[in-house]
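Structure below; questions to follow.
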Amino acid sequence: MTSLILKMSGIDKSFPGVKALSNVDLDLYKGEVHALMGENGAGKSTLMKILSGLYQPTDGTFYVKGKEVRFQSPADAEDAGISMIHQEFNLFPNLTVAENIFIERSSILGKAGLINWKSMYNKAQELIESLGATIDVRDKVQDLSVQSQQVVEIAKAISFDADILIMDEPSAALPENEVKNMLEVVRRLKEKGVAIVYVSHRMPEVFEIADKVTVLRDGNKIATKPVQETTQSELISMMVGKAVDELYPSKTKAISEDVVLAVQDLEITPRHQVSFELRKGEIVGLFGLVGAGTHNVAQRLFGLKRGGGTISINGKKVKISRPKQAKKNDIGYVPPDRHRHGLVKEMTVQENLTLTILEKLSYYSKLNKKKEKEIIQTYIQDLQIKTPHEKQVVNLLSGGNQQKIVLSKWLVTHPKILILEEPTRGVDVGAKAEIYALIQKLANEGMSILFISTEMPEVIGMSDRILVMHEGAIVKQYSYGEVEQNELLAIASSPGGIEVKTT
Amino acid sequence: GSEDQPSPAEEGAGEEVAEGTNSFFINPKSIGPAYFTAAERGAEQAGEDLGVEVIFNAPTETSSSDQINMIQDMMIREVSGIGISPNDGEAVVPVIGRAIEQGIPVVTWDSDAPNSERAYYVTPATDAELGEAFAEEIANQIGGAGDVAFMVAGLGSTNQIDRVDAAEAYFEANYPDINIVTVVASDDDQQRSYDNAQNLLNTYPELDGIVGFAGGEPPAAAQAVAQAIQNGSIEAGSIAITGFAVPSLVENYIEEGIIEKIITWDPAMLGYVSVYVLNELANGNEIPEGELEIANIGSVRVEGQNIFTGTIDLTEENIGEFDF
Amino acid sequence: MKRIMSIHEAPIILFTLIVFFIFTTLSPNFLQMSNLQTILLQITITGIIAIGMTMVILLGGMDLSVGAVLALVATIVGLLVNAGVNMWLAVLLGIVVGALCGAINGFIITMFNIPDIITTLATMYIFRGIAVFVSGGVWVTNFPKEFEFLGQGKLLGISFPVLVLFVLACGFILILGFTRFGRRIYAIGGNKNAARLSGMAMKRTKFFVYLYSGMLSAVAAAIYASNVGSIQASTAALNISFDVIAAVLIGGASIFGGTGTIVGSMFGILLLGIIQNGVIISQFSPYWVDAITGLLIIVAIIINSLKRWKDSLKLEGKLK
Amino acid sequence: MITIMKKTIHPFVNNQIVILLLLLVGLSLFFRLQSPYFLTQGNIFNILSQIVEIGLIAIPMTYVIISGNMDLSVGSIMGLAAVALGMFHTMAGLDIWLSVILALIVGILCGALNGLLIAKFKMQAIVVTIGTMVMLRGFIYVLTEGRPISGYPPEFYFLGQGQLGGLPFNTIVLVIAFVLAYYLIRQTRFGRYTYALGNNEEAVHFSGINEVRTRFIILVCNGFFAALAGVFLVSRLATAEATTGSGIELSVITAVLIGGTHIFGGRGSLVGTMIGVVIIGVLNNGLNLMGVSSLFQMVILGLFILIAVSRQKS
């Protein structure tokens, strides 16, 4: 009944020193959502980049609508009706949202071949609204939050009516409520007959939206199964190669009473302040929707922005107006945008990993390269970072492995307080479990962790205490095991409404 | 790919000129300006007439250090004589000393290095004389009193400074009523000279005269004045212009009466005489004091270490007679 | 429309006004109509070149060869009119030569992938050498009378070169704001990678930007020749590229590309023109002219950056 | 052997360096065939002392460009330091070595001004340094009224004209400075920061590193080296003039770019820069010896730049 629209067979892809894909097949039918899963570095993005014409396969053939095709560039793929949302953002920060969506479309040209700005804005606004988002399409993309940028990416990809839409981790940067909107859009596209390849590390989504799922491991295809015929644990064991019993570590240790970090009236915007405490060995989750101000809290604590209020560490007031001071006070920070703030992507794994501790690795600025190498090796092994060698340029690693590097570059500093913002963005389940276990272990060893995430399950699963933020204020606090997803989301979206109900 | 081996014959020709033939390095301040291209022609002509090799070269920018580098390179090449128009008369003193030590005769031309051991300075007149001549001319044209602006090529160029100093001193001594309102520099940029001239006209509505101390300045001043006259913002003849320029550049302005008189000389003559003098020195001949007749170009005056080639007053009468 | 010409240029416009005011108080001659006309006339050449340079800088490049192209074209146009060729034909041929120079830049940059700055640094040397060669090293001067129209003539009571600058600036403002070519320039400058992924014609865009830059330099060259009246190929417009780049950046453009407007650049040019004229009109000692000019450039750039620097430290009012 | 060499050299530069060396060797062979004087000891020393000033400035300029900046004011700083040296000695009557130190301090202060504006206040380096270039050159004219300053004690000429152990002293200084700078960029965290800054300044900031200070230090060094070059030039030419150093920034940047340093930072090598400096020196000298007009030298230099960097992808 449904027709085969894409057939990839025997795809091989080698990079210098890496065999990213070997003999991978993939069939795609009209109107289906086909999930692609696998660990970080399994080859998902590579396969999709081949499909969208960005890479050329080393070997193998593929057919679109029965015709063999060979794409030399993304433009070729676009002509064949294939559109892709890349794992990394590909927006023009200096242009407006509307321009980003429509820049290469001739539909925006009015009379005399000149751009009709008005109709472009209108069309863009419609499109954004159809995604259930509220973004002013006249804003420049550089002024948008990461989440809104993701929405723009999606809008851009669906703005022209592709037959095949590739979505490489579209939800990674989205908060829960917007993920729902996006899935709604995917469903609508599917009904219109678009074939969608959906790459994601988030199990619930896959079960919610996908018809079929294909699992890759180390560049090999493991299986393709209808979603109804598989389970979460089966998928995980296919991906990881072994079973993962528990995603979240168990809480065994009682938290000490020593307050490590005390924040009093911390100004996060000229009109909003927050106060809270963080105890030794405690994991505090900070949850809020877009615009709640969780990001600003992290920025203030790490000295990226300045403002009023006091920060005390171990009872002593400290001044933190630059990241360097934060680091001196044993604070580490894993930022949400690893590309811009986390990594020097043109440099090697080693150079990135030790960037934060070069002071300790050098004597009068002279580097101790031997010691540096030793440290590197331990972290590459402990965190199972997949890289051919420590001299690999970070740019060439898979997204999840890049994330692990950002995490480790702060772990090497042995911070007393670690601020994690979206620490598992784009990380596969296996690695996620490892990272969670690692975080718990660090906490058990006495590190205090501020866990900021828009992904509810992990906030709930990891936090000893959850602080919920709404419009620049902490509105509610829960202990471990005290709250479910529904309530958390409801509180975060409208605390007033809940309050009325409970009283 | 470009490493074709030259044939032995070519190599001989390119390197040491045939046995007994002298080769001279004539070094202007920089390569490119039309003034020095004219000098080059004179030098080459001399080379042809005297049967010697002439290498006329300089950096493309007026920079002492590049100029000295090039002189050093040519000393390595063992040329038989060097003629220099120094960008900075002091900076070339050591390198001239070294050349003399190596037995290479050196003259300066167009611009001098008075503290060096150079044998002669070939010049139309000393810079002080030129400055005075300009001053005298403008004083005559404006009737001995009024506001005068000076336009120079570079504020840091030796011969410009010497000329300006002399002109200033001359006014002080002879025309106390002449007031020098300002000195503007163009850095050899023709657009800049022109803009400067325009700005002068706007700044000093009462301006009586402009002296251009380098070849590009009087024409730029004349151009600006001509336009102002056309616009009606000043009256014809209200601003006198003089200074140095080659005839071809001021021909139109002199014919139109915007410029009354310009003091000029033929740069080719400087080039020619430099080569001639160097050749005499290299051949071990003395240069006699007093009038010296040089075949093909006429006579020059030798006074001590100065060799004067003379200046020409350009006016409406004679402007058509020159081809440089 | 309001958004395209957002308040990005506000600081530079303000500073231009302040400098204007200062010179007005310093010298009674400054505010004279004739002087204001002089200023406008003096900025036409840099202004026209700045249009092309703005586009080049928007792409994240830099065209160091503009001065050499100007020298070459001015020489050729001058030689042609002196040889009796019709003035407009000569200008047309000059523009063709300028376009060719631009095309050479564009070709080398896009085909061999050599960075813009290096390419134009190299062609700067090459074009200048060719210009001097073509001129034979002598002054090109004594142009026929009618040639003066280009640089000094009036049309509809307005100075012709100023009119040319105005028309070209408006034309390119339109092109940048309302054509796909124009928006592509911004897009490519903003994010090369994204441009590549969206299948944008990057090479073609870049090529044409350099072509236009060459053509605009050629137009400026024709006006230059007529205006100044004599051309010395070795020194004509020798340092103009730095002046123009400074003006464009003062006008709010970013050297990394993607940010900047022609309106801003025009104000940058105007500011430099006012300063250059003002320091002479105000009768500063000639030795102080450069020092003051440099100081004002620095002040201009300080004012430009102040807001950005403060923003980077301040807390934002809006939660995101 | 070769593979070991390749491994030890930074991955970005090895190809480029080999090509540059080949170009240099080819060029030298060509000039040797054209002129018997080219490979004489006298001429080699001649070339070496001619490249000293450009070489000295090119060292910190490599850092500046790798770290993602640009400094066009070096020529003016060099000139100001030269003139300051002259004025301290001949007008203020200070001891010559004290004057040298003060001139170097002038360079450091100019570098600090650039550093303050660029590193601290995050202004665009190109405009700032165009501004300081014009302004400092203006100060030179204010100070000197355009007149050259000469008259230094004989011992001062040792710096630019003397020899030590049969080698030109200024060349020895250049080599030492180069070796130190090479060590610094390869073996120290300062060098690591330099590269990182050129690639992603924000990530450096987010790593708790004082990126402002590193930038500042680099620009101050640039001022210092420009002043040092000025001092050596005065010693070599025996005079300080108002135009000293003007236009040198273009030669320096040309050398750095020929050496394979990426114009937008993040990549580059000091070895490449040094070869670039030597190539320019050899090219000038060889063409001069051949008697090629500097006009054509200009065209040849242009073509040469294109050939030398044609492998550097933008």
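What to note about this one:
Labels A, B, C and D are assigned to the chains in the order they are written; within every chain, residues are numbered from 1.
Here is the rule we use: a contact is a pair of C-beta atoms (placed from the backbone, for glycine too) under 8 Å apart; a residue touches a chain by one contact, two chains touch by 3 or more.
The chain lineup, named per UniProt: A = Sugar ABC transporter ATP-binding protein; C, D = Autoinducer 2 import system permease protein LsrD.
As the structure is a prediction and not an experimental result, all values here were calculated from the model.
Remark: among chain pairs B-D and A-D, B-D carries the greater number of C-beta contacts.
Here the CA centre of chain B is 33 Å from the CA centre of chain C.
Centre-to-centre separation of chain A and chain B, using mean CA positions: 71 Å.
Taking each chain's centre as the mean of its C-alpha atoms, chain A lies 45 Å from chain D. Residue positions of chain D with contacts to 2 or more other chains are 141, 145-146, 295, 298. In chain B, the residues that reach two or more other chains under the touch definition are 31-32, 60, 155. Along chain A, no residue makes contact with two or more other chains. Interchain contacts (touch definition given at top) occur between A-C, A-D, B-C, B-D, C-D. Against chain B, in their complex, chain D makes its touches with residues 26, 29-30, 33-37, 40, 42-43, 46, 50, 53, 141, 144-148, 150, 157, 161, 233, 236-239, 241-244, 246-247, 284-285, 288-295, 297-298. Contact residues of chain B toward chain C in the complex are 30-34, 36-38, 40, 60, 155, 181-185, 187-191, 194-196, 198-200, 202-203, 205, 216, 219-220, 223, 227, 230-231, 233, 246, 248-249, 251-252. Residue ranges of chain D in contact with chain C, taken from their complex: 72, 117, 121-128, 130-139, 141-142, 145-146, 250, 253-254, 257, 262-264, 295-296, 298-299, 301-303, 305-306, 309-310, 312-314.
Of all the residues in chain C, the ones that touch chain D in their complex are 108-109, 112-119, 121-126, 128-130, 132-133, 234, 242, 245-246, 249-250, 254-256, 285-295, 297-298, 300-302, 304-306, 308-309, 312.
Interface residues of chain A, counted against chain C in their complex, comprise 54, 73-75, 78, 84, 86, 89-96, 99, 103-104, 106, 109, 113-115, 117, 138, 144-145, 267-272, 290-293, 295-296, 300, 305-307, 471-472.
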